[in-house]
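Structure below; questions to follow.
As written, the chain order gives the labels A, B, C and D, with residue 1 at the start of each chain.
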Amino acid sequence: MTHQQHGFLYPRTPLGRAALIPSPPWQYSGDLLTVEYRTDPSHVESLLPEPLSLAEDDPGAVALIWADWQSCSSSREELLDPIRAQYKEAFVVVRCSYEGQTFSRCVYIWVDKDFAIGRGLHQGYPKKLGSMWQTRPHPFGQAAPQIAPGGVFGATLAAGDRRLADVVLTLTGESDTNGFVNGHPMAHHRIYPGIESGAPDAYVELISSGASSFEGGQAWAGDVDLRLYDSPTEELAQLEVEEVIGGYYRQIGVVWDGGTSLAHLTPSS
Amino acid sequence: MTHQQHGFLYPRTPLGRAALIPSPPWQYSGDLLTVEYRTDPSHVESLLPEPLSLAEDDPGAVALIWADWQSCSSSREELLDPIRAQYKEAFVVVRCSYEGQTFSRCVYIWVDKDFAIGRGLHQGYPKKLGSMWQTRPHPFGQAAPQIAPGGVFGATLAAGDRRLADVVLTLTGESDTNGFVNGHPMAHHRIYPGIESGAPDAYVELISSGASSFEGGQAWAGDVDLRLYDSPTEELAQLEVEEVIGGYYRQIGVVWDGGTSLAHLTPSS
Amino acid sequence: MTHQQHGFLYPRTPLGRAALIPSPPWQYSGDLLTVEYRTDPSHVESLLPEPLSLAEDDPGAVALIWADWQSCSSSREELLDPIRAQYKEAFVVVRCSYEGQTFSRCVYIWVDKDFAIGRGLHQGYPKKLGSMWQTRPHPFGQAAPQIAPGGVFGATLAAGDRRLADVVLTLTGESDTNGFVNGHPMAHHRIYPGIESGAPDAYVELISSGASSFEGGQAWAGDVDLRLYDSPTEELAQLEVEEVIGGYYRQIGVVWDGGTSLAHLTPSS
Amino acid sequence: MTHQQHGFLYPRTPLGRAALIPSPPWQYSGDLLTVEYRTDPSHVESLLPEPLSLAEDDPGAVALIWADWQSCSSSREELLDPIRAQYKEAFVVVRCSYEGQTFSRCVYIWVDKDFAIGRGLHQGYPKKLGSMWQTRPHPFGQAAPQIAPGGVFGATLAAGDRRLADVVLTLTGESDTNGFVNGHPMAHHRIYPGIESGAPDAYVELISSGASSFEGGQAWAGDVDLRLYDSPTEELAQLEVEEVIGGYYRQIGVVWDGGTSLAHLTPSS
């Protein structure tokens, strides 16, 4: 007798309601605060495993992005129990080249909910837990900026009880772009180390994905005051800031509904 | 030699920057989700210490309010390190009468930051820590309601790892009011138990306060689906829901800058 | 030019210190509070995917285990920054049969640190975040039980701001066993859903593992008062308690150093 | 008709079970990791409001203490729902002189539970929320030190997503003392700022308290590696370490049952 298991990732159960994450599509509404800067391209290169290589154009460009999200499945039921819908994240994106095409690639990412970790597992985002805070705009300015010239937004990132990064972004005007580093399809690895002690990876897949639909408001540019802090458990500060490219703020709505397998790279054991 | 201490509440220190809370005025921008209902007036009366008595009009009316706040001092510096500015709360308000005047009174309140506890100490709000979540509106509806007819907002409250209340509010249309229970000046007690074992209170003061300035957007009314859950460490569920009065959603900006001492009630020892 | 990546799971980086988890062996010292009970075997069976089947002996037996851990890598460096070492968990174990051998299998598990989630990914534990609390013994009894007859220990589990389970265990005497349900090698699945929308699983592996070394103190048995609570996001309460088998308390030290691949079950696409 | 309110601090309610804290006596079992050092006495003096003055003997001595507590009321019911019993704290103690007697005084303290904040309000401890971690001893050494020569214990303190202090203590041998800075009765202020904007304090009381009963195990001394980190919201790092006096580890059990009012210092308004 076969028992049907339900659940997109895990646990797989009789009813499927205990699953860490629902099946895609996954829907998102949120605010992005983006800072782009240049580091020495060798720092980016050292984060790219084979068969990825440096992007040809502006290879040392880095985006550090804070996002304040509300998210849900197609059922939208998570929105009514919003501990299941809201999360914050900060992530670091570089670009790379694979078979002649330029991809974006998230090299570090911190979130504050387990369902976000679960979605990241599927999408190849290397998610850890962190503490992220991001100034919110509000129609009433007693304790909030407006998304307008002069609006000042702060964002901070910590993990392991240590501050890792903080930024102050002062909006100066409308922008044609929300940055370029995170603008390509993502190229991410999905891996399982071999379960035997010392064994090579049991599974390595290079996958690509991006939004299946996207809406965005006006992007705004601003002046950036960025600081990275070292930590014994992180390597973000190794991506030293040589030159700030720009800072951006944008409200968006996104749907994610799967991607494409680029290559199976499991080593032969 | 006298050493000047700085700090509004505590700790009082040489520089004053370690103080739990800055000096008023305190500024707030946020979203309120309010549910009003009637309980048996005896439940309200049992929460009113002397010299307070039941309000004459609609004495069993209760407001359960969720608020998603950003807040700051006059310096606005907290907005740039938003772990110091953002907090969520849920609170329960009833009305009472003191010397012939009607006051609002917060009988239960949960917040998620220590600075909010500190401000509550000063203002007489009986703040405990809790976990509050409230659906956020967003311009892009992939994972968010709009503040408009049909917009659906959920809100939940938990403390001590137990769910205490949740509500779903479905907006139906504009409203002339955001409710009436929380609309009066607050009448709150500030107390210090006597430090000696078994001693009477060392300090009891009845104070009143309200917003020193207020801005508000359009209020919206909606249909309410409210549930209260019992807990061995709470008494919220004792305020049983007999009849829902209404549900409301409103974005506001507020400044608080002190109040008035109504009475010193310290028992003679 | 090849860039060597370091890191057992992810992210893989130039220095390897940003990795979510270190390479095994992983070392643990902690206290286990175990409750075993019988549910209808059909509830257990419904949690076993092919090719697993019900254990022949006592097939409805369930263990609900709380663990208060300190853990580290071989370097022991995590012990000096104990936010990296301490975590709590609660997990549910059943037994199953695979190719004629009896295995234990964790069907639900909640932890409170990301490194614990990461280790679980490797080991096939379906970890989600939760809030677990477990009474601690202490040499001085002002606010602590002793591990001795009459010692009373409570344990609670919550997730998503809802209480899921709590137990009170009153020790009655020494025990020859710490329970039997979690006593076999674990049989766990490691899965990756296919990245394409609606695709079958890209990777399914059945693996087995257990402690590579184990030390344990005297096990104690006790009387059990157990309650499970329903939640819209969990299915633990479906494993209804028909009969309590026993309750146990034991302090242990464990090393985990990999396991064995039992079967590759990836469906052909 | 008078309605009896129950609850030691707040909220005061019909049943009293919603109160933030129970009535004393309060009972504690826990482990203390203490570091004592000398700073410039002027740093200590600047933290002492009138009528307190510097202690005559070793006036620049500071104790930085981590404590991993389980606590309860006389009913001991909190021990069975241990989210209500367990908390961690780190606190800074100096000494002072009042009317010719030497007192200890806590100048900074961080805890991780609201009931601990509530008890601190009563006792005059200036409690804020923080994140504290402290290595635990365990009978099985796979991932734990022993309380014995060579045992290595780490402790960390963070608040506002910033690391404030960390220490590594390597035990060297038994000690006749667990330090001396925290060994006197505490002299603490209890204050309420005036509710009117800009008003002087409405209530200022100098109180003294200490344990009503105490048990302690063998104290251990050790080598200390201590670091303090600056933060824009703290002043701990201003108490610069000039010379480490010693480091200590001890398990204790304590009961607290009220104190003594030393002086009423409310300014005349």
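Of note:
Operating definition for what follows: a contact is a pair of C-beta atoms (placed from the backbone, for glycine too) under 8 Å apart; a residue touches a chain by one contact, two chains touch by 3 or more.
From a predicted model like this one, the values you see are computed outputs, not experimental measurements.
Comparing the residue numbers each copy contributes, chain A and chain B share more than half of them at their mutual interface.
Chain centres here are C-alpha means, and the one lying farthest from chain B is C. Chain D has its Cα centroid 40 Å from the Cα centroid of chain A.
Averaging Cα coordinates per chain places chain C and chain D 35 Å apart. Note: centroid distance chain A to chain C, computed from Cα atoms, is 29 Å. Among all residues of chain D, those that touch two or more other chains are 81, 83, 131, 133, 156, 161. Put simply, chain A touches chain C in their complex at residues 1-3, 5, 8-15, 17-18, 20, 24-25, 45-50, 81, 83-84, 107-108, 113-114, 117, 121-123, 126, 128-129, 160-161, 189-199, 202-203, 205, 207, 209, 232-236, 238, 257-261.
For chain B in complex with chain A, the touching residues are 27-30, 69-72, 76, 79-83, 85-86, 131, 133-136, 138-145, 152, 154-156, 166, 168, 213, 215-217, 251-255.
Chain D makes touch with chain A in their complex at residues 131, 133, 156, 158, 161-163.
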